[in-house]
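Read through the structure below, which is laid out as C-alpha cells, and then see the notes.
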C-alpha cells in the first residue's frame, strides 16, 4: 500500500523514492552534458586515476560538480523559501517570485553591478566578492518586509493585498532594473544579461564558496520554524497561544527567506516557480505539516532544478537554454492549473 | 587533488598543441559575426566547427552548430565541438567559461573590437595569423585598404562634414538611436560624417521629437533582419528632408556595424548617400 | 489561580474594556455573558496575550506579561472564536500541534482527547473537509492537549466553543470541560451566548455591558428578568429547574432600549 490512512502517500516510501530521484538527478547531471564523456573516464576521475580524455577531469570537477551542487542548493533554498512564505501568509500562492522578493534581490544585485563603479564604489571596495550576495540579501529581506507591511493591517493578512503588492513591487523593481540597464555601459550590460533569465551555466567553485554559506545558513535555521509555521496555519493568534513570540517567528522567517533567496539570486539570477510548484506538490502528496513540507521541499526542489538544468543544457546542445526560462515553462502552466483548481484564495 | 588536476590540464595543453600544428588543420569556433565573416573571406570556412548566433553571414553559417549568444557562451557546448581554438571579441562572456575553456586546452583568442578602418584591417590580419592564413589575409587587406582609400578620397572632396541620423532597427517597433562610443559613430567618422544626435551614450530608444530636431543631412538605418524597418511606422523619419531627397541608406546591421571584411562596402554605400553640399538641411521645413 | 485587578483595554484610542476585576479559582468554571459588542472577546484577548492591557493580571501570582512564553503555554490555553484551516493537515496533526514540546512523543493524550470529543473515527481525515461542528471540537481538542496533563493549576480561555455544535455535542463538550476543570485544577473562563448552557454549566456567571462587568454571581442571581431586560433588552420568563439551575425563556424584545443604569461591577453575594 502506498497510501496511508489519510489517503496521502506514505512518508517512508516517498522519502525513499525522492531520495532515489535526487540521486538519479545527481548522476544524470554529472554524467550528461554537451561534452561527451565515456563512463570509464568518469569512473577514472572519481577514483583519482588518469582518464583517457585529458579534459574529463576538468569537465567533471570544475564544471559539472559545482554546477550540480549550486543547482541543488539553489533549488532547495527556493523551494523552502516558497514553503515558508506560504505558511507565513497562509496561502499556497505566496512565492518569492510572485511577491517580488526575487525582483528585490536582483534589483539590489544589479545596482551593485551598475553603480559599483560610481555611487556604490565604497561598498564594493568594503565588501569585495561578498558585495553581491549581501546586497541581494538586503534587497530580498527588505522586499519581504515591505510586502508583509503592506499586506498586514491590524493583525489581518490580506492575501489579495499581498498579491497586488507583489505585482506592484515586481513592476517597480522591474522598472528600476530597466532604468539601471539604461544607464549601464555595454560592459556592465554583459554581466546583467544572465540575471533576468537565470543561469547556472557559469557556476564555479567560487560562486559556491560565496553563495553556499548564506544558503546553508538559511536551510539550517528552518527546523526551528516547523512548529511555529504549523501554528500559523491556524492563524496568527494561535502562534502566540502556543508559546511563540509571533514577531520573532516572523523576523526569523523573513531573514531566512531574505538570506536564501538573496544568495540564490546572487549566484544564479532569477529562477521562478520552484518556490511555488515544489511545496504545493509536497503538500498535495504528503500533507501540509511543515515537519514534512520543509525538508521534502528542499529535497524535491533541489532535484527538480538539477533535472531541469540537465535538460536545459542538452536540449539545444551545443547551446543552452536559460534555466529560468525552463522553470517558467514548467511552472507557468502548473501555476495556471493551480489557479483553476483553487476555489477561494 | 588540485595538483593532480593541474598536471592533467598541462597534459591537455601539451596534447592540444600538436593538434593545431601543420599536420592537421585546427578546429575553430568563432563567436562574433565579423570574425566569422573574416574566416570565410580567408577561405578558411571549412575549419569552422561552430559559430555563435550573431554569425549569420555568409549563408554557409546556417549549416554549422550554433553555440548560443556570444555574451552567454556555454562551456560544455563549446567544448563538445572539440575545438582547438575559439576566436571571439571583447564582447564575449561569461568570463568564467572562457577561462575554463582555455584551461581545458582550447586556445581562446579575444580580439579587440575594431572601431577604425585600420583596426578592422589589423583584426583581419590577426585572424589570418591565427588560422595560418597570413598571406591570404595580407592580400585581402591590401585590396580592402585600397577600397577604403578610394572611398575616403571621394569623401574628402566634400567641403563639409554632413550630419547623419543613425537608426538601429531591432524589432517591430523597437528603434534605437546611435550615440557616442558606438560602431555607428565610428563608421560615420570613417567617411568624414558626424552623428546628427548628440548627448546620448551607446544605443538608446528613439525619441520621435529628437529625430525631428536632429535635422540630418542623411539617414542610415541598420536592420537586424532585412525588411525590418518600416518607414511608414515612422512618419517623423519620412518627413525629414534628407529622407525625401533620397539621402538615405537602409542596410543590414552586420554589414554596417560589423567592421569586418565588408567594411569598405559599407563605407562606399554610406558615402554614396551623403549629400555633396549642405543645402539639404537648410531646405528642411 | 487567576486574579484580575482594574483591567483596562483601549484599541485605537477607544476604551473597550474598563475596570474589570475578577477572581478565578482552580477547578472553577466562569461563563462570560453579555450582548454583542460588550467587550467580552477583547477582555479574553487581553487575558490570552493578544491585546495589551493596563492593570494587573496575575496567573498563579505572577504577572501575565512576565511569564516565559513556552512555560505560559503549558499553563494557559486559548480557543479562538474562529479558526480556519485551508491547508491539508490531518486531525491528528492539528491536535499534536497543541502538545507541548516537552511532552512525551506518543499520541496517548491526543487519542484520548479525540475519543472524549467523539472525533476518534476522523483521526486521519483532512481538516478542510470536516464539518463546522467537527472543526470546532477539533480545535477544543488541540487546546486541551496543551494543558490537560500540566502538573498543577492551569487556565483555559474559551471564546464561544459551542457555537457550531448540536445540543448533544454542546452537552458533551461542556461536560468534558467541567470534568477536566474539576479533575485537573483548571480554571475556565468561557464566553457563551446560550444563557441556558451558561446557567447549566457555569459555577459563576459574569455579565458584561459596554466594556464593564455589571454582574458577577451565581446563575439564579444573574439571570433575572430585570437584569436581562436591562442588559440585553429582552423580556424573559425564568423557570427554576429541579436540577438546580434556572432556565431562561425569552418572551420578546424590549421596544426601546435604555442605557444600563448601574455600570459598576457589583459582587452579588
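Order of writing sets the chain letters: A, B and C. Residues in each chain are counted from 1.
The rule is simple: contacts are C-beta pairs under 8 Å (C-beta built on N, C-alpha and C of every residue); 3 or more make two chains touch, one makes a residue touch a chain.
Small disclaimer: the values here were computed from a predicted structure and weren't measured.
Asks: Along touching chains only, what is the step distance from chain B to chain C?
Replies: Step count on the best path from chain B to chain C: 2.
Asks: Of all chain pairs, which one counts the most C-beta contacts?
Replies: Pair with the most C-beta pairs in contact: A-B.
Asks: Please name the chain that ends up farthest from chain A once chain centres are defined by their CA atoms averaged.
Replies: C
Asks: From the Cα centroids, identify the chain that ends up most central relative to all protein Cα atoms.
Replies: Smallest offset from the overall C-alpha mean is found for A.
Asks: If you average the CA atoms of chain B and of chain C, how far apart do the two points sit, in angstrom?
Replies: For chain B versus chain C, the centre distance works out to 80 Å.
Asks: Report the inter-centroid distance (CA atoms only) between chain A and chain C in whole Å.
Replies: About 44 Å, centre to centre.
Asks: From the C-alpha centre of chain A to that of chain B, how far is it in Å?
Replies: Chain centres of chain A and chain B, defined by C-alpha means, are spaced 38 Å apart.
Asks: Which residues, counting only chain B, touch chain A once they are in their complex?
Replies: 1, 4-5, 8-9, 11-12, 15, 50, 53, 65-69, 71-72, 74-81, 91, 93-94, 96-97, 100, 103-105, 201-202, 204
Asks: Would you pull the chain C residues touching chain A in the complex into a rising list?
Replies: Those in contact with chain A are residues 48-50, 69-74, 77-78, 80, 83-90, 93-94, 97-98, 100-101, 123-126, 139, 142-143, 146.
Asks: Quick one: in the complex, what on chain A touches chain C?
Replies: Contacts found on chain A: 4-8, 90, 92, 227, 230-231, 233-235, 237-238, 240-245, 283-284, 287-289, 344.
Asks: Residue numbers of chain A touching chain B in their complex, please.
Replies: Its residues touching chain B are 33-36, 48, 50-51, 54-55, 57-59, 61-64, 182, 185-186, 190-191, 193-194, 199, 201-202, 204, 313, 317-320, 322.
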